[in-house]
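Labels run A, B, C and D following the written order; every chain starts at residue 1.
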Amino acid sequence: MKLELQINGEAAAVEAGLHDTLLTVLRDQLQLNAAKRGCNQGVCGVCTVNVDGWPARACLSLAHGCEGAQVRTLEGLNDTPRMQALQRAFTEAGAFQCGFCTPGMLVAAEALLAREPAPDAAAVKQALSGNLCRCTGYLKIVEAVLAAAAVLRQEAAA
Amino acid sequence: MLIDGQFTVAAPPQALMRHLFDARLMAECLPGCEALEQLDPDRYRAVVGVALAGVKARFELQVEVVRREELAVWATTRGEEGGNASQLQADNRITLQAVPEGTLLRYESEVAVTGRLGRFALGMMKKKAQALGDEFAANLQARLAALEAPALAPVAPAVIEPAAPARIAPLPWWRVFWNWLTGRRLPTVGSSR
Amino acid sequence: MSHFVQAVGASIPQLDSDEKVTGRAQYIADLWRPGMLHAAIVQSPHAHARIRGYDLQAALALPGVRAIVTGDDLDERHRMGAFIKDEPGFAKGKVRYVGEIVAAVAADTEAIARAAARLVRVDYEVLPAVTDPEAALQPGAPLVHDDAASYVKVFDAGTQGNVCSRTRLSEGDAAAAWAQCDVIVERRYQTQAQAHLSLEPCGALAEVDAQGRITLWSANQSVFRVQANVCESLGLPMTRLRCQTPRVGAGFGNKMEAHVQPVLVRLAMKARRTVRLILSREEDFETVRARHPFVIRMKTGAKRDGTLLAREVELILDGGAYGDDSPGVLGYALLMNVGPYNIPHVDAHGQVAYTHKMRFGAFRGFGVPQVTFASEQQIDEIAQQLGLDPIELRRRNLKTGNDPWFCGQQVASNGLTPCLAMVEHASGWQAARAARATRGAQGDKRIGYGVATSAHIGGLLASGAIVRMLEDGSVLLNTGAVDIGQGSNTVLTQICAEALQIAPEQVAIASPDTDGSPYNWGTTASRVTYVAGRSVVQAAAEVEKKLKQHASEMLECAVEDLELRAGGRVGLKGVPGRELPFAAISGRAHWAAGGPIIGSHSWVFDQKTVDPKRAVATGLPFQQIGIFSFTALVVEVEVDTLTGKVRVPRAWSAVDVGRAINPQLVTGQIEGAFVQGLGFALTEEMVWDGAKLANPTLMDYKIPTFAELPEVLKAYIVESHEPTGPFGAKSVGEIGMNAVAAAIANGVADAVGVRIDRLPMSGERVLQALQQAGVAA
Amino acid sequence: MALTGYHRPATVDEAVALLAADAEAKPIAGGATLVAMLNARVVEPPALVSLAGIAELQGLSAAADGGVRIGAFTRHRDTAASPLLTGTLAVLRSAAGQIANATVRNMGTIGGSIAFADPGLDYPPALVAASAEVEIAGSDGRRRVPAAEFFIDWYTTALQPGEIVCAVHLPPADAQGAGLYVKHARVAGDYATASVAICRRASGAITVAVGGCGPAPLASAEADALLSAGGSEAIARAGALLQALADPLDDVRGSADYRRALIPRLLQRAVQACAGGGAA
């Protein structure tokens, strides 16, 4: 069935069956591969995208349910200042190794900083509690988000 | 997962044995049994409906009696549901033992479900399956008692004691076909406020 | 020689950072080809059954289905296996575990392929199965392999019946030594199956060209093991198969040997079209491999003065249905069972049992986390009985300087003593333990401190490197080593840059490709930095030699008078102005004389593991294993005596890595390994219900989250300079995981006085131990 | 007539009418649980009736009787942060904040969660302890069911086919009282192995409910009376009473015996934490 979704600020015409998820549509029809499939049950977080300002599971969102929602994937956030600060901080802190969980982490972290410019470590861990990582042991990710927040606060103050 | 139980019937073991192969009787005792036909002396076909957590599954089962002894029968169950989306294998055994009150009937079934239904909530499935086993046993006990001793005073419904938790040594398991609840509710438990 | 370029020792970001943080990195599931078919697998519902036949009629009739492969498409004689050739490409003639791949379907869409897979009918004759390793070794148990003894083996495994392999290593005379021991500790331990859980499920994509040559992309840890496994199991000449590598979403050992590559290649050959197969999370859990469950019987003896005298250990490993890496894990666990202590009398023996369960294979630590869980607890129990501080007892027995390892291998660099001192100091061990006496019970939560040490090798088998200077003087480095996220591309680039005194940006590294890369056994056994790094240094040295040869002709001087200068130049010693940029030399080599400058190197790790004069070894799969890294770990543990739940608020982990080529990547390995070890110690367990895996989903199999990260997790780097390593470097990939479960177990004992001898140390298990010990009501 | 496709009714009545048209059609709220089952092909409903567009189901609001109304479509995130849930009602905030993880709490709704009624969920015991009522809408109108009678069995509630949850009604909070949800799970975000929800009024009256230890939350007036009276033995005796009601699962999260053993222990932690006066 024809659907029109709002993906990264643009209208995207897609074909979606009743049970097709947003993740399937993003990856198989729109070639937006930043959101990954890790468990298809909403536990691992590698499919995290931003829906109307909040992190959401693309694998647990039906395409039909996203009509009228503003969906942003990492591809759509790449050139925003907040995301670029996070990308620099993740790179400098070594906050990823294989990188498979990184898109989901960055989307969740960006939504946090949009809401809370000065989170503490506990707030970062809470906001990212739905994103699993098996390589890094999480520590450098927390440090990277805190570092990005600090840089953004300085830039905002300047 | 092991599902087992036992109950007594005021009738001699030999008398009960022949009832075990009465397809119509078994169909009536089995919750959720939608169809049951005997293909030949040792093989049956059954369709069994199950509901759990909003999931409705209709198992197409083939049952085969693979060993008989004077007071015991072994059978295997093989089948699937949802166009082979899940598969069910069970090895079952029923043994009859003469006791002062008549016969102690004991059933054991080692059940494995693979495929889509087999990957979730195993603990939940064990609990549900054991409850179904108990319901099947209660039905069977009542029907056998009625069939075998119409003249005698009805035996007080025996309490179904779950078998000793110690597992029977893994013999070559055989099966009786299996039944699942058809969406009816179990007696409420828990909150009594 | 002025070191303008400080490539080695710099924490430069990973080279592929940009594509990973922008979501442009292409993993196997992101690869796509026009007209590509999608595949789905058919899995066995039985643990053990003979396959009498297949009925594909309904499946083939489904519109959009293009090809189906079954066991009939395999040849009985072709088998793969790292040590024992006991495994078909996928099930042939028999199924040996619930979930084993029996067939696969290629169709226009994944939905059609999965629907068709459900229509494939397989006629099984169900056979009795055995799923417990100890039961499998009893006479009369159902045989997993009818003819195991007949399989081709790469070492004297002693395979027969359900014994997959057996190994014995002994030194001194343990049997006689018990009499001299003042204190002896003996226990039985049991560790669980752990799932790798790299967040990327396994997958592969195969293309077939007009001549029938196959190009195979797959999530792997070694393109050469993929090539070997696929060709051996399908009877293909290796020239027919080219294996390439996309970005890999971690592996931890899961992707070292074959997963779906054999069945997918056979499917693509039959369909004669490009096919992609990506496993679901549940299929990845059920079909690939996991960490070996161990049954450990261990005995350790010491003198009253704390001198460790004797150790005996017997291991029984659940190998699952196929050998895979099991013989290696058994042999290595026995080699490492002693830990970094001088124990003169050791008898270590064990067996791997075939069972009707999924194969168990390589997983970070390769048997050492399991055996260390037992050995480091026994060291603590001995300290307790002798009234010695656990660190003090260890210090009295530590290997230092050049003390050889168990079985006699030389140790050229040993930084264990500084590691132990560092974590002892950082954790405030002495004060914390002293306070414990006065700490008493403070509410439901009890605090304890645990220590454990370990070692790990870096080495094993073959590796190569090719360094080719391009016309502009920059270089292309090609090693064939797969970067699965640990950062090997970055580290090897730094080593090459340092060797040629050029900036890392002047080095490009090629993606592993069996058509173009030199051989590399694999990204496993913590080996790439050390083994591939040595090859890079040698290959770069050859380039330097050729550069100087050209320069001596260009500058008309003796080669000995030339030196490399930072920034890609060769100059006359003592004459700053007299020099040539690499570009000039390379230009001459390409266009005038000598030919393009290429340096290459290839070797197999060559240090013998067993000194026949000191030790007796039977059934040890590898003769040359590796050089040793060392670690010491202290954890602060909090036990909730109401629920038994264990938490780790603080942890200090020091690792002797010889030289940290990229310190940030090293601490990343130490932190990641610790948290993965936390899961192994406390929450992760694959549970079987009969022969079926009961929790093959992330809903029911739980790995640590941000919430389980200790508030304080300190990773310390000790650099003892390994003389044989590239710039002194040795391994770090796995060692950070080896001691975690042991240290936490020792911490629990310190907090509540109970010994836990089974993993994971779940709330339930700890509460039972507390109740049995009368600590908790 | 068979219903197919994705429907977006604007009112409860429209939704109920659509569901009545086809027994196979399923309501969908946040989708966290239902879509996971769709992905696993465990359920394949031909039609879905989205409740997202129904204004009446949205958000938390102060009710006329001084209590709090939580619309069925309220996300866990909003319940976990609601300033209305003070004193004894803090038990709801405490429970909502421990559901799964932050991202799932952005999606999941209270209506969807309690309609699914998995024994390990966090809302059921919290609602029973808080003496909440569940408002249900069906083709024959609206009715309210006390939480204790709404949760009947494994995955089985008072909902008849075609009915949906409209709201949860909480009695007026005792502002000086306290409410807490004590959850024991293997890792953060897992379903509860066992849990205890507790409300303590300023007067000292206590109501508790135990989660994860039976087909429905365990609660007993006798246990509440014992706890309210207090005294040294109260917790042990109340715990024993609740243990007797337990019928726990054996699964990867814990054995039945472990779950039973946890009941008095978590109860002790809950009572002590609440005795401190301040709500958690």
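The rule we apply is simple: a residue touches a chain if its C-beta (ideal position, glycine included) is under 8 Å from a C-beta of that chain, and two chains touch if they have at least 3 such contacts.
Source: prediction; values computed, not measured.
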Which chain has its C-alpha centre closest to the mean of all protein C-alpha atoms shown? C
If you average the CA atoms of chain A and of chain D, how far apart do the two points sit, in angstrom? 29
Whole-Å distance, chain A centre to chain B centre, using C-alpha means? 50
What is the distance, in whole Å, between the centres of chain C and chain D, each centre taken as the mean of its C-alpha atoms? 44
What positions in chain A touch 2 or more of the other chains? 40-41, 43, 126, 128-129, 131
Would you give the residues of chain D that are in contact with at least 2 other chains, written as numbers and ranges? 36, 40, 101, 188-189, 251-253
Two or more other chains touching the same residue: where does that happen in chain B? 85, 119-120, 122
Inter-chain touches occur between A-C, A-D, B-C, B-D, C-D
Chain A touches which residues of chain C in the complex? 11, 13-14, 16-27, 29-30, 32, 196-201, 247-250, 252, 278, 280-281, 484-487, 664-665, 667-668, 671-676, 697-699, 703-707, 709, 713
Taking the complex as given, what residues does chain B use to touch chain C? 1, 76, 83-85, 87, 89, 110, 112-115, 118-120, 122, 172
Write out the stretch or stretches of chain B touching chain D in their complex. 52-55, 82, 85, 116-117, 119-124, 126-128, 185-186, 188-193
Where on chain D does chain A make contact in their complex? 4-6, 28, 31-32, 35-36, 38-40, 44, 46-48, 50, 52, 77, 100-104, 106-107, 188-189
For a test of understanding, state which residues of chain A touch chain D in their complex under the given definition. 1, 18-19, 21, 40-43, 45, 48, 54-57, 59-62, 64-65, 108, 126-131
